[in-house]
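Here is the structure we will look at.
Letters A, B and C mark the chains in the order given here, with residues in each chain numbered from 1 onward.
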Amino acid sequence: MTWIFLIFMAVFAVLSFWGGRKLAVRRSQGVKPHSRPGQHGLYAAIGVLAPALAVMILAAVFSAPIERQLIAAGAPEAVSQLEPFRREAFIADARRVGQGGEALQIWAAPYAELLPTEGRRAHSIHAALSWGGMTAAVIAAILGALFVAFRIRPELRARNAVEGWVVGVLFACATVAVLTTVGIIFSLVYDSLRFFSMVSAFEFLFGTKWSPQIAIRADQVGSSGAFGAVPLFAGTFLIMLIAMAVAAPVGLFSAIYLSEYASKTTRAVVKPLLEVLAGVPTVVYGFFAALTVGPALRVFFNTIGGWLAGGPLDGIGQYLLLVQNQMALVAGAVMGIMLIPFVSSLSDDIMNAVPQSLRDGSYAMGATKSETVKKVLLPAALPGIAGALLLAVSRAIGETMIVTMAAGLAAKLTLNPLETVTTVTVQIVTLLTGDQEFNSPKTLAAFGLGLTLFVVTLALNVVAMRIVQAYREQYD
Amino acid sequence: MTDAVTPSGAVSARTQKLQARLKSRYARENRFKWAGRAAIGAALLFLVILLSSIVMQGYTAFYAHSVTLPVYMDPARIDRAYPQGTNFEFMVAEQQMARMGVTDDAAGTKTKAMRDLLSSELKFIAGDRVRAQPALIGQTLPISTPLSDDAEMYLKGKITRDTPEEFRRVTDQQMAWLDKFKADGLVRSHFNSAMFTNGDSTQPELAGLLGAVIGSALMLMVTAFIAIPVGVFAAVWLEEYAPRNRLTAIIEVNINNLAAVPSIVYGLLGLALFINFLHLPRASPMVGGLVLALMALPTIIIATRSALKAVPPSIREAALAMGASRTQTVFQHVLPLAMPGVMTGSIISMAHALGETAPLLLIGMISFVPGISAAIDAPAGALPSLIYIWENASERAFHERTAAAILVLLAFMIVMNAAAIVVRRRFERRW
Amino acid sequence: MPMNSKITRAPEGLSAGTASMSTAPAVGDSARAPLGPIKIAAKEVKVFYGEKQALHGVSLDIPDKAVTALIGPSGCGKSTFLRTLNRMNDTVPGARVEGRIEMDGVNINDKKIDPVLLRAQVGMVFQKPNPFPKSIFENVAYGPKIHGLASSKSELEDIVQSALKRAGLWDEVADRLHAPGTGLSGGQQQRLVIARAIAVEPEVILMDEPCSALDPIATAKIEELIDELRERYCIVIVTHSMAQAARVSQRTAFFHMGNIVETGDTEDIFTNPRERRTLDYITGRFG
């Protein structure tokens, strides 16, 4: 139905293009028109499509909420008494029945009988709304056509009007980016505020106990969860630290070698290979961490533990024997590998931005390459490299899949890389997947964590980009 | 370099001083150079280990075993009115027990062990045969069926007798039976086509990628339809029309920051905006595509802007001097010339979107979606989220399939990136 | 070091009588400015950048304790030649240098010669002032530090001070030695870079259009400085400005299309060139 309607609208637009064209030619006989016939045609097509599209977008956005309101408003007593979750499931099933399908759930006495009638009602509301929307769109299109037919004259500056519309559309596209930011901030802040109305922000930011398990029913034991996010921040920080300990030296030295030492052919081979490393999806790194690196490191530490146990270092040996797959070291190290190409390519750009004249100056003084790098290039590039590392830190903090698959769920306040820790992103995924309920602090806590994550990474990015920008301008 | 030859001929005190230091300076130079080489070596070694570990774990999933057993379609067991209701697995297991001469099975545990070697698919294969041709009832005919995941693991050598019996999922007895099947020439190894034609399943031996591949394809279509035009138009506005003012500066800063926002935040946005507020269908390719489109947008804008920047101003000036309007200049001259860069950037950002996982988990693509759905507004799987789901599965046989799914995902990404490289090589223009 | 020496020019009026047109420098020609013995003798130097040949066999003798100017139109190979004298072309990927370049009789264009040691003896100043983004002190101390020329902090300070004095910069920066070198004016930066080169006690100083980025006043100061430095060093300067070559140099070589067209005492080149092309160039008919 929708498709037929869309095709109909497209045909309407094409017809109005031809109509506008013809009209322009006929009305401008003997006169030199301002714009060419094709431009009048475009003017006509836009005049028809723009109002119709506006109506269609409004209808698409608002028909779903209106439909829900209407269905809820007219529902029988028994249905409106249901819990929100059950009510949604009932309405969904009613729709299925209304369209001739089968219900997914088995409904008890009053509801089973209500299914067909409610289904028909829901269906008719849906049909009425979609027909209403389409009719409104067609009316808007016809009004647009009349307006255009009236306006087309030789003096009409059709080209300017069309170009005005084009620029308007381009501008609208550019604002999508801003709207995305607004959407992110709004959705995070809205649900975070609801969360902070249940759990104090102070407890969230400075509490040291995290156990978001809240009982479904109030009479269950341990019904109040604990939402102190400090162990999460500590775990995130620990894993970020390990990742940077891997990525910063390896990435930086790779960049130095590539930009200062490597021959053209080496660069031509190594750079694309590093790009492959950068292009590997994070879920693949997660798999690698969970099933290859984790077990390998566990075996490694357990073996060392086996040697040490019983000896003078028995305590350490016993500890190492109990090391698990899911340690902070595994997630951190693999995340570090993931960040190597990121650090390396950013630093490479930064090093290349250092003017050749500084290198020449140093070489002409009789400095070796490493002296030039260490004493001239690195000090000169320091701000840029610091910015690049900050961007990498921001990525490490926001990275989700590796930690979800390879770090654990235990919220421990530790800096021991062999312990299982959890991170902000892991908890967001855990809280929002699996069984969840709306409006419980458990679900809303994810948005609180998301807001924290967004603010921290945004701050890091802004600072890092400022630094890099200032650095680049220095040598422009 | 040498120690004796100096331009001044005579070896002055100063030269000696310089030479004395030279050795340690070159030693430091060498150490530094080797540190650089070691770093690159480490990065490449990681790449090799990463890829080879996945290939090593995954290649076995591309073949599978099936067993062809003579099955007596026992009229006493098969209800002619409802043949597909028959417990074929049990019937076949009993017949095999008899064939192997196992009799001491009063409790039925051995028959169950035998049945566990066969995939539950047997029931549907045999049931369909009999339903199609009821005349087969009473005859003995060869039926070919996949093996169960545990039996498969034994035949692939991933479960061995080295492990003590109580720690493995295949008993000595079952191993002996499988060896017997093999010795009788009943077991056949073949390309695992089921993995490419089935949707997801709780049974590893029946689980396939097709549902997820279709889901990912639909999602990428939505992403491309939205992100590429919007991104290109936004870039055109910023590069060709935008006045230099506060608003433009805000938009530019915004885009750069959006490119660095963690992907999971986009997942939260998708959950809050598209699912909880707009009530679009959860876990559908439509919602997934919308979220990925918002994520891909900044990348496409940045790539398009640099492609537009690379078009020399002389082209614009020439067109404007001919009396073309700004819009005509942009759409008839500048944008077509920038197209190779735009396409390359778009393809690469689509490849990136294909591998994105975290936001998909939050919009519900973490739940089990059996079978194959090609609808844009119904729950569907996606390749990366399928990898996550399978990685979490407890059955050992899912591990090799996870690695195989990764190989398929990487293959798609390689094809897309190769396409981008071809576009760049083929159409790139240097000014 | 006291800075009381005046700009010394080759005495005018003598040129007509001693218009010896030998391509070898007039070593020991007492009528001329006191040129030193031949410091550098380049023989059939060819330079290739990949496939492209930039120098087609250039031979030139460069006297010590004198300023030799290399002039010629853009792309004539004069900078390329200059960069062979301290092996800077080694740092250009794909560059190849053939021929002999003898410094005090030793071929420096030889694999056996360590460019690091060579460059400690041959300093270089570039077109655009390129002080390192460090303090003034650290800029000048850079060479002595990497070459280990100072055994103590006070010795290093002495080296820096005398280099800055000799570069005529000391009075201007004595009170802010630890301010960044990039904060100086263009002319000061160029003198800082010269001080940096002097600090390692080189025997030869190469200058690649050292004044092209400077204003006339700063240029005058640098030229004055070059003239003072001539007493101690062998200086080779590439310049676009004919007037500058005439002002500061004693010997001039005219490069064109990767060849030397004419070499001679500056006086002769500018007043009485032998070659038509030289005349055309110095009178501004091409270039």
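Operating definition for what follows: a residue touches a chain if its C-beta (ideal position, glycine included) is under 8 Å from a C-beta of that chain, and two chains touch if they have at least 3 such contacts.
All values reported here derive from a predicted model rather than from experimental measurement.
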item: Two chains sharing the most C-beta contacts; value: A-B
item: Farthest chain (mean CA position) relative to subunit B; value: C
item: Distance between chain centroids, defined by C-alpha means - subunit A, subunit B (Å); value: 19
item: Where subunit B and subunit C are represented by their mean Cα positions, the distance between them in whole Å; value: 62
item: Distance between chain centroids, defined by C-alpha means - subunit A, subunit C (Å); value: 59
item: Touching two or more other chains - residue numbers and ranges from subunit A; value: 368, 371
item: Residue list for subunit C, restricted to those that touch at least two other chains; value: 116-118, 120, 146-147
item: Residues within subunit B bordering two or more other chains; value: 25
item: Subunit C-touching residues of subunit B, taken from the complex the two chains share; value: 1-2, 5-9, 14-15, 17-22, 25
item: Residue ranges of subunit A touching subunit B (in the complex, touch as defined); value: 61, 64-65, 68, 159, 163, 166-167, 169-171, 173-178, 180-181, 183-184, 187-188, 190-191, 249-254, 256-258, 260-262, 270, 273-274, 276-277, 279-288, 290-292, 337, 340-341, 344, 368-371, 373-374, 391, 394-395, 397-401, 404-405, 425, 428-429, 432-434, 438, 446-447, 450, 453-454, 457-458, 461-462, 465
item: Subunit C residues within the subunit A interface of the complex; value: 86, 88, 91, 93, 115-120, 123-124, 126, 128, 130-134, 142-143, 146-147, 193, 196-197, 200, 206
item: Of all residues in subunit A, those that touch subunit C in their complex; value: 263-264, 355, 357-368, 371, 375-376, 379-380
item: Subunit B-touching residues of subunit C, taken from the complex the two chains share; value: 103-106, 108, 110, 112-114, 116-118, 120-121, 146-149, 201, 203
